[in-house]
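What follows is a set of structures for review.
You will see two complexes here that share chain A, one where it goes with chain B and one where it goes with chain C.
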Partner chain A sequence: MQAILRHLRLVRLFWSTSLAAEMEYRLNFVVASINSVGTLAGGIFGLFLFYRTGYRPGGWRWEEALVVMGLFTLLEGFTRTLLTPNLGRIVAHVQTGTLDFVLLKPISSQFWLSMRNFSPWGLPDVALGLGVIAYSAWRLGVAPAAIAAGLVPVALSVVTLYSLWFILGTTTIWFVKTYNVTEVLRGLLEAGMYPLAAYPAGYRIFFTFVVPVAFLTTVPAEIVLGREGQSMLFVAAAVAMGLLAFSIAFWRFALRYYTSASS
Partner chain B sequence: MTRIITRLSRTRRIASTLLSVWYAYMLEYRAEIFLWAMVGLLPLILMGLWMQAAASGATAFSPGDFARYFFAVFLARQFTAVWVIYDFEYDVVDGRLSPYLLQPIDPVWRYMAGHAAERLTRLPLLVGFSLAFFWLFPEARWLPAVGDVLLCALALALAFLLRFAIQYSVAMLAFWIERVSEIEKFWFLLFFFFSGTIAPLDLYPPAVRDAAMYTPFPYFAYFPAQLLTGRPAPIALGFVVMLGWLAFFFVVNRVLWRRGLKQHSGMGA
Partner chain C sequence: MPIIVAEHLSKSYRAAAKEPGMLGTLRHFVRRRYRLIEAVRDVSFSIEPGEIVGFLGPNGAGKTTALKMLSGLIHPTAGRCEVAGHTPFARDSAFLRSITLVMGQKQQLIWDLPVLDSLRINAAVYDIPEAEARRRVDELAAMLGLTTQLTQPVRKLSLGERMKAELMAALLHRPSILFLDEPTLGLDVNAQASVREFLLSYNQRHGATILLTSHYKADITALCRREMLIDKGTLIYDGDLAAMIERLAPCREVRLDLRRAYAAEELAPFGEVRTIEGRAAHLLVRREDLTRVLPRILSDLDVEDLTVGDPPVEQIIGQVFNGQASANADVQTPTPGAAQGAAT
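Moving on to the complex of A and B:
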């Protein structure tokens, strides 16, 4: 309990300092907001191109597919607020040797590397994603209780996304310049904008077992919309927890190979 | 006459030096270039969606048509990728531009040579990628006509110059504001709408498609893809529009460059 409180206090300290730093660039907020609205509009327009001829990708209704789009936007916001500003910097720490200082701190290095920075520029995405989900859930007549219960699968997909990023970030210890790898991952994750059932069989296998995009947006949407039973929730939980545990173990393993750059 | 010859040989020497230096530099980073090439995967993701849609008979295209189209879009993006704004912003903010200005050559050639050399390092990657693609998607296999390939190559060369001119013009704003690369993001918003990266423009509402052909966007994806796959495209209109935009941005760029230099304070130098 004491430990949790200590970590929470640290998070508050971390985030308030990085928020203060980001406030230097207030105009960025306008840029980020326009960007988020534009990206979402582009995504919805892309979806509309499928539906305008009466085709239903994977048998999903328009509003159901919008829930997936909303979840994708929400996760994109999470990526911009916490993943890129933190995990995107592991490369720099390894390259310049400042990871030494992180390792010396009396706190879990994974926690520090994952939580040190907070960038508010992803918040417009979070708000828009929630808005789209709420709108489509209302149009579909989803019960409020079901939406509230949807928080669990969404939280699981956040954990899954974080773990994927951290595992990739960890490979920096060996390859040093893996900045682009996270970009490739981001490119692949864009597949999560659309329901998995809309893809051909080969894609579905790839996006379930190789890069688990399915568990990021499609699975939570299916659970919220009642397309899948509660048993799917256990699968999602197993995937999320498994990947998280692996990311922790993998980081510890990788640190044994860290030789530091500076000295 | 001799003056002209010495000038020409000087130009040739500068060009070959810059290109070989940049080629060596880019080869050093070939693993990264491979990853950057893979970043442009979005067309292949959408290809899957559209192939699936075609399989259910929802469009006039066949799955093979879509596979060919998005393959061509992927290639077109490889040849028109430009990042001069990031390099230029860095050079201005970091003060590295100042020594370049002392040299008797416009810095633009340096950036241009970097881009050209990088194209060359990408070439073997693209051959490997194409082989893998046609092995994975046999329905996409086709042999483009020689005339189509040449026309597409010409369109891509122009498109690259146009993209470079546009981005280099925006980059000039770095003389006045610090984070110009943020502006670059707006480009992508419109790009995804109007370029044909997410779907062939033929599937758009006709009014949107016709309007898009007057913007620069379709010339980086839809237009070259149509040419390469031998599908109908407004060829004459396309080249006229491209040349028009190129001329426009060339003028904008030179004006901004002159004004910007006057106001440049050579920070960090």
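Moving on to the complex of A and C:
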């Protein structure tokens, strides 16, 4: 318990300091907001093109597909708030050798590397994503209790997304330059913008078993909307926990190969 | 009982070898060839609590690699080391709380924020209660002569102030073992001196053990009574180096910027001519002759600028080497490496 409190205190301190550093740049907020609105509008327009003709991929209704879109935007916000600012920096830490300082702190290096920074510029995405989900849920008449229960699958998809990023970030220890890899991952994750049923079978298999995009947006949406039962929740939990455990083990394994940039 | 023990410590790296030019690049891309670099070779020593020991050697000698093994950042290829009863590479919490590593070329402070913000984070990471942290910050700030600088963003600090702030961040948890890698690198003479004074008083106040690397001889002679000389990964000397240098390298280096080029014969009467490059010349002058020779240089030669310093570490090492080969009696703790090194 004491350890949890200590870590929470640290997170508060980490985030308040990085917020202080980010707040130096006010114009960024405007740019980030415009960017978020633009991306979401583009996504919804794409979805609209699908549905305009009456085509319903996999039997998903317009509002149901919007839930997926909302989840995608929410995760995009999470990525910009925590994943990019933290995991994107692992490369710099390895290149300049400042990872040394992180490793010598009496605290989990994975915790430090994952939580040290906080960027407010993803918050507009988070707000928009929540807005779209709330709107669709209201249109679909989803019960508040079902929405509350939906927090669990959403939390699981956050864990899945984080683990995927961290596993990729870890490969920096060997390859040093991995900017491109995270770009490829982001590109693949874009697929999560639409219900997986909208893709041909081959893609669906790829996005379920190779890069588990399905578990990021489609599966949680299916659980919230009651399209899938509790058993799917267990599968999602197993995927999330499995990936998280793997990311922890993989990081420990990678550190054995860390040679530290020479001075 | 020693607080730091290294036994037959070795570290070798696999480094990619690449030939220059486009063809070399292509070959390097298609089929990479590696070469084994032995950064540290069979080094053994032990350090008692409270000692200040200098690690002296040219660039690439293996000093930093040795420090990284002792602080637990990298795993030794062979041999073992123990620091305060812990195996460093396990990096357990008790070990990490008892050591610190300061690197002259890397910084842990947050660039955009005042020093105090970084210190607050470190205090929280090391579980130091707020009131106690404030007390320690005040104490360290007073010792280092930092005051108003603590509320300035790090990017606005001078190099010397930044190094002092780095020391504060590194020492806030009051470690008993300090690994310092080139802590005075790039600092001007005054800042170097004040960092040295601070380290000495920290050592006295807290009985801390300090192992520092430097290639400024002044750092070493001012702080350490014991020096370890490392070259090409091998420990070639362990003992009181300052005294030994006085005996074996009794010369000072006189660097001259001249208004015209002189021939070696013209400069020979003043000392041993090391190099002449255009109008710049390096002479070695015996210490006892220095006061007599300098006025003569200034009056007889057309001098634009003149500086007197110690010969570079590489040269001292060469001299220590040769001295060791001829006068083995000076070696206090002969190591297997020393014999091997002298033979090559």
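What we mean here is this: the second predicted complex is superposed on the first by the 262 of 263 C-alpha atoms of A that agree within 3 Å, B and C clash if a C-alpha of one lies under 4 Å from a C-alpha of the other, contacts with A are read in each partner's own complex, and residues count from 1 in each chain.
The rule we apply is simple: a contact is a pair of C-beta atoms (placed from the backbone, for glycine too) under 8 Å apart; a residue touches a chain by one contact, two chains touch by 3 or more.
Model, not experiment: these values are computed from the prediction.
*Asks:* Once the structures are superposed on A, label A:N35 by its partner contacts, choosing first (chain B), second (chain C), both or neither.
*Replies:* A:N35: touches chain B, not chain C.
*Asks:* Now for A:A198: first (chain B), second (chain C), both, or neither, which partner does it touch?
*Replies:* Touch status of A:A198: first partner only.
*Asks:* Name the contact category of A:G187: first (chain B only), second (chain C only), both, or neither.
*Replies:* first
*Asks:* For A:P57, decide between first (touching chain B), second (touching chain C), both and neither.
*Replies:* Touch partner of A:P57: chain B, not chain C.
*Asks:* Quick one: classify A:D100 as touching chain B (first), chain C (second), both or neither.
*Replies:* The answer is second: A:D100 touches chain C but not chain B.
*Asks:* Scan A:S108 for contacts with chain B and chain C and give back first, second, both or neither.
*Replies:* After superposing on A, A:S108 lies clear of both chain B and chain C.
*Asks:* In their complex, what parts of chain B are in touch with chain A?
*Replies:* Per the touch definition, chain B meets chain A at residues 31-32, 35-36, 38-42, 45-46, 48-49, 51-53, 55-56, 58-59, 179, 182, 185-186, 189, 192-193, 198-199, 203-205.
*Asks:* Give the list of chain C residues in touch with chain A in this complex.
*Replies:* 13, 64, 68, 71-75, 91, 93, 96-97, 99-101, 103-108, 110, 112-113, 117, 120-121, 124-127, 181-182
*Asks:* In their complex, what parts of chain A are in touch with chain C?
*Replies:* 6, 9-10, 13-14, 17, 20-21, 24, 96-98, 100-101, 103-107, 256, 258-260, 262-263
*Asks:* Could you please specify the touching residues of chain A with respect to chain B in the complex?
*Replies:* 25, 28, 31, 34-35, 38-39, 42, 45-46, 49-50, 52-55, 57-58, 177, 180-181, 183-184, 186-188, 190-191, 194, 198-200, 203
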